Amino acid sequence: MASNHQLSRWRVQPIIDAALREDLGDAGDLTTDAVVPAVRLASASLVARRSGCIAGIEVARWVFETLDPAIEWRALVEDGAEVPAGAPLARIDGQARALLTGERVALNLLGRMSGIASVTRDMVRIAAPAGATIVCTRKTTPGLRALEKYAVRAGGGRNHRFGLDDAILIKDNHVAIAGGITPAIAACREHAGHLVKIEVEVDNLDQLAEALAAEVDVVMLDNFALDELVRAVAMARERGVPTEASGGVTLETVGAIAATGVDLISVGWLTHSAPALDVALDM
Amino acid sequence: MASNHQLSRWRVQPIIDAALREDLGDAGDLTTDAVVPAVRLASASLVARRSGCIAGIEVARWVFETLDPAIEWRALVEDGAEVPAGAPLARIDGQARALLTGERVALNLLGRMSGIASVTRDMVRIAAPAGATIVCTRKTTPGLRALEKYAVRAGGGRNHRFGLDDAILIKDNHVAIAGGITPAIAACREHAGHLVKIEVEVDNLDQLAEALAAEVDVVMLDNFALDELVRAVAMARERGVPTEASGGVTLETVGAIAATGVDLISVGWLTHSAPALDVALDM
Amino acid sequence: MASNHQLSRWRVQPIIDAALREDLGDAGDLTTDAVVPAVRLASASLVARRSGCIAGIEVARWVFETLDPAIEWRALVEDGAEVPAGAPLARIDGQARALLTGERVALNLLGRMSGIASVTRDMVRIAAPAGATIVCTRKTTPGLRALEKYAVRAGGGRNHRFGLDDAILIKDNHVAIAGGITPAIAACREHAGHLVKIEVEVDNLDQLAEALAAEVDVVMLDNFALDELVRAVAMARERGVPTEASGGVTLETVGAIAATGVDLISVGWLTHSAPALDVALDM
Amino acid sequence: MASNHQLSRWRVQPIIDAALREDLGDAGDLTTDAVVPAVRLASASLVARRSGCIAGIEVARWVFETLDPAIEWRALVEDGAEVPAGAPLARIDGQARALLTGERVALNLLGRMSGIASVTRDMVRIAAPAGATIVCTRKTTPGLRALEKYAVRAGGGRNHRFGLDDAILIKDNHVAIAGGITPAIAACREHAGHLVKIEVEVDNLDQLAEALAAEVDVVMLDNFALDELVRAVAMARERGVPTEASGGVTLETVGAIAATGVDLISVGWLTHSAPALDVALDM
Amino acid sequence: MASNHQLSRWRVQPIIDAALREDLGDAGDLTTDAVVPAVRLASASLVARRSGCIAGIEVARWVFETLDPAIEWRALVEDGAEVPAGAPLARIDGQARALLTGERVALNLLGRMSGIASVTRDMVRIAAPAGATIVCTRKTTPGLRALEKYAVRAGGGRNHRFGLDDAILIKDNHVAIAGGITPAIAACREHAGHLVKIEVEVDNLDQLAEALAAEVDVVMLDNFALDELVRAVAMARERGVPTEASGGVTLETVGAIAATGVDLISVGWLTHSAPALDVALDM
Amino acid sequence: MASNHQLSRWRVQPIIDAALREDLGDAGDLTTDAVVPAVRLASASLVARRSGCIAGIEVARWVFETLDPAIEWRALVEDGAEVPAGAPLARIDGQARALLTGERVALNLLGRMSGIASVTRDMVRIAAPAGATIVCTRKTTPGLRALEKYAVRAGGGRNHRFGLDDAILIKDNHVAIAGGITPAIAACREHAGHLVKIEVEVDNLDQLAEALAAEVDVVMLDNFALDELVRAVAMARERGVPTEASGGVTLETVGAIAATGVDLISVGWLTHSAPALDVALDM
């Protein structure tokens, strides 16, 4: 599902290096260095303790390869795969020290990414039949946005803005300062490059009408009641403008929201509050 | 409660800088730069949308001060405070651009830290009456361990190891490679410095007996049944060795676990799966 | 003209630090340290030796403030100002050592940025009357893209993509691999987020027709003859799609290109080959 | 010509990494990732669109190898080679994604370096017959000085100081503060190490006489008229002191300046204003 | 002797990179680049000019491998080995440029580490028969603590705290602020995690008695006279608390101190003042 | 004595930051944070426990200011001052936590720098009357070269090369590869810039004659006997070439070496083996 997207080791390596330095400090893995001979080899399996959707399997590999470049790695699943509890994810052979020392960092990254992919997949399964796309937000973990946005894609969702720098999203405070939706959009049009889309967050149908009249590219319908969503979608569709619902989206509510016909549903919870998937290393 | 602990801006600033660079890229905040005049001033309040325990209030301040060193900040709560939904946390006056541009990074950090403090507080409230201390693990977000361990303390918990480098924790895989608990402990004693404590994870009472005979500093009782925990605590107490329960700890189970008399209960979930506290910036 | 855009010192400082380290090495400014007493104060003026359009005046200030935080700085022009040869740009009072040691780095940055702003301004002056906007490309100096894109804005131009990550531009090689313009656009639509615009580079009117049929957001008309440009603009305008001319744009040709009615004219030369503006520090 | 000089990948890699991060951001190459399958291979040629002198061919290679370590690279020219328009520079086989994603960064570096080498070569060709050596200055692009100074050498020039830290150059402001050329030189002699050469910039023959009397290692004759240059060279030669002409050096004037007999001619324009050589990647 | 301890290249590489950049600057090794053809190969031997205990042999290897990844390296000794003057330590074959350019950085690291290992070994030889362990302190070279602590282990010593963050050491100033040893220990117990040991520095037997009553984990006997040390050891042994002597430890005094029965003797001099071992590269 | 040289905080701060991070890790100063209230203020004095020559007094200040920007600092000596044992060096008032937490890093830097300045001063006192200048080498601590070279200047010595990049020093291995001193010098002349001096290391009078004939800038007389030094100095003086003695220089031998009339005496021991000066913080 996410086959077109690949993480490049070159871009992920600095995150892995920082994570390992954070865990190893200057003294290193006191326990493993004391107990395990440097020459000792071992085999291990990455295993999902709970069912879920996997993301970050290559990231785990790179953690171990950082500590032992000669490690042998056999992935048993690809990112985006849904696995049952107990499923083996990868088989690893290499220095026992590298396996034990890298275990926690590898699991912390894989567990977090797979947790995000899993809740995304759950939401996608509900929303997709109605034609709605699940998208994430900028409510991500500082330092890990690229990995978390990738995990959303692995789960079947799509990405909203990556940052404040790649698209315009006019929110209530911007509107207030600009003195209205129309002047806010005008200001953005005047300053933004020609490849920058403009989305406006609206709180009600009047604001929506104003935004549509100003020919925005996308409208975000924030905390609309379901019946209002239906009317908003109709208004926007007439203009050919995609609609995005946001606010209060949960597994319980997402089906009804999708049923209103909105094109996109954005969910901060995917990245700021998804529980980690329980993954483990069995030796 | 966490009054002895303070985060130093000097140590947190690199995290803030990286988070802002991640969000702003090279082009910066397209929306705000287009809509908001550079000279415009504004006032805003940080507000908790849900009740919870706050951690990271100074971190939020430093985010805004990074963008506008002249900002005026008035904190209305201290870290460790429990607040009701709707409670104002701080009052900010400064450049409107700095407030809007820094909002998401500040909230991402404050929300995550307060989410951790809040679930910690919930657990502490249940476990403390029985005399058990809630501690976190190394299952933290790569790059944010210092902030997350701090949040646990703000919530009333205590910290386990910060990394592989500051204490010894012998786990099952170490035991297997060493050929038993006794030789594993002996190897650690031989190599570790004199200020390093040794904890051993045991799976049953026989292992516990062996660990106690080898005079470890702390025993981790992993996935023990409640009745076994009671017996284990008795065995360890005889030797004057503190006990730590781990595995399957939830808000539902923590009370019964604490009632067994264990000294410490470690909970990975505090840091790897705590939902963010919903905090917002109202202008 | 560029009043809405501001460089933030927080984001420019790492560039300044790196530039100063590159120039000062470990031994520092041997000449100044030998000749100038540490306590000696001095006054200096930044002066434009040639006429041009200024960009980066604050960057120069921050260079000197890095070396002497107590420096007094009085800017006499703002970014975007056009000045005659000999015009003073700023007045500086502070430690003589800071002025002499920081001079070259400050001038290297200010001269390069103002050189870009100046050629941009020259092009804008010719193209604007016909309604065409001058935009830059990704042909920038590695490490200085943010400063150079800012300089283009200061000169009255607008920015194209900041990087490969903030918009889609389908080029000939993409088309060849995808097997045509239509499937290339389809693939992008399937994978890109909803806030990402899609531009396609076309080489002839047939390709243009295909791109318009596929409803791209912008078309880049690469190396079109003038008469073809006229026809292309007519075709695109019918669909409401903005047109961008690229290839072989010089001060000599830009007027004729703008007269064809294209909306945008992109010029790599603005950033990869603009001669630096000659600026100096007079003490 | 530059065969003794080699760039080490170890030292250039940080520049390449920073350039790629600048271009790819967190979201990566949206277009290529959407259009090009990860497994797709491709062949490409680096080609010079205009005639010129090449510098940085290995730098281009390392850009692509950073993205695809398994790339096959066959260089068809060496740095320092002069090539006609249309000349192929290298043949590359590897992942299509790596070729497309790395193209711009590779060309930006290669084009800039070759642009500098080309103008240097043009000047060298004119000045060399008269025995004058073309040297660059510290007017380089912040962050790229090592690459630009290398490009000057590839073009047949030589390097002046690399920074303020490796030699002494006493300029007019230093002289003014020291109270004369003689005390300025004396101060430098007193403080500098025994392996540091001292050059003095002089504006007229009186200053030259003073500098020669003070036994400087090199004299810089700044903005001298041609007849004054001739007299200055004679004065300096008597003392065995090398002479360097600076100021107003262009392709038009360099021949006449060289004919005065000066040993060195320094040209800031080589690095601050050389137009990039037009290089392209043909797939 | 230090066979359980290994330095990981991954963790040492940043130190090596920084050291090489410090030595090579932007211009590189002027002498070698001018004199030695890039293709020239050479053989060399690392040799100890004086007898001593070796530490860092792999670090030297990595320095050369950084400059020439294809270098052939044959180590003739292992860290911890004692060698006579003139002993060859390793044989190296590779690019002559890499050998010459890396020589000084490799020797600076190897010489410093071996110097520390050598003085440690000398002390250990004297103290070990009496059963005392030699430990280092935090008086290390900023930036090189991990290497220096490793060198102490290679010499047969053990490590004290790696930093302020991995154990508690209550010193006189802490006692003064806390209002006594007992409250200081109580404060630490209240705040520290359960895997943190507490050591207290005491100046006399009364303080020792107070510390022992408060059940600290280790006592540091600072600047005790020999007869007081004997009494202190007896008091602590009764409580089963290890003793550490510190202050004024030299090769002359360490034997007598060890004879008092103390468990540990800490020596700042090992790391802050050990002379480098004279090692050289013979080609 | 070193009044012309100043360390800039801007350049030293990265070293201080790294040193503090190394000592504080992620958990910070466990002892101080537990024992000392955040609001507690304190006064302290930096004191020299032994007599010596001070270098780095401002570096110590910046360490404390990093932890508490509001600290009050009163320096009682300047770098280069010689102080008796017990001399107070500075008075500090500020947060007790900052004083205690920064103490070790401040002392490690100040002690090392002052140790170097002290041994330099001892050597200078002996060598200066004979007219010889003491210079350091590149045998410095990786990462601290700038500070150590500064300390040599503070002690009254001068600096040799800062790195391989700022001057040419042809050693025996270069000579061997070049096929003689004359071709080695010729190669350097051909490739080096005009502001680069050339020094040659010679082992005997024949080599010296060859080097002088080739008109090098400086000769290094390596491990010459005293009578040979006298003859070598005479030979070089005839040519006006400065002489530098190296090899086996100690406090015992330096006087006799200086008496031979050499201009410079280089001593690696100043930086690689100088014992730290014992400095302390008294509260």
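Think of it as A, B, C, D, E and F in the order they're written, each chain with its own count starting at 1.
The rule we apply is simple: a contact is a pair of C-beta atoms (placed from the backbone, for glycine too) under 8 Å apart; a residue touches a chain by one contact, two chains touch by 3 or more.
Here the structure is a predicted model, which means the values were calculated and not measured.
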| item | value |
| --- | --- |
| Reaching chain F from chain A through chains that touch each other, fewest steps | 1 |
| Third chains touching both chain D and chain A | B, C, E, F |
| Relative to chain C, chain with the most remote C-alpha centre | E |
| Contact-richer chain pair [B-C vs B-D] | B-C |
| Matching chain pair for D-E (criterion: over half of the contact pairs shared, by residue number), options A-C, A-F or A-D | A-D |
| Approximate Å spacing (C-alpha centroids) for the pair chain C, chain D | 22 |
| Inter-chain centre distance, chain C versus chain F - centres from mean C-alpha coordinates, in Å | 45 |
| Touching two or more other chains - residues of chain A | 4-5, 22, 24-28, 33-34, 145, 159, 162-163, 165-167, 169, 187, 191, 196 |
| Graph class of chain-chain contacts, one of line, ring, star, complete, other | complete |
| In the complex, chain B residues that touch chain F | 3-6, 8, 10-11, 145-146, 149, 159, 162-163, 165-166 |
| Footprint of chain D on chain F - complex, ascending | 4-5, 133, 135, 158-162, 165-167, 169, 187, 191, 193-197, 199, 217-218, 242, 244, 263-264 |
| Residues of chain C touching chain F in the complex | 17, 20-21, 24-28, 33-34, 37-38, 66-67 |
| Touching residues on chain C, where the partner in the complex is chain E | 22, 25-26 |
| Contacting residues of chain A [partner chain B, same complex] | 15, 18-19, 22-36, 40, 42, 96, 100-101, 104-105, 107-109, 111-112, 115, 138-145, 162-171, 173-174, 176-178, 184, 187-188, 190-192, 196, 269, 272-276, 283 |
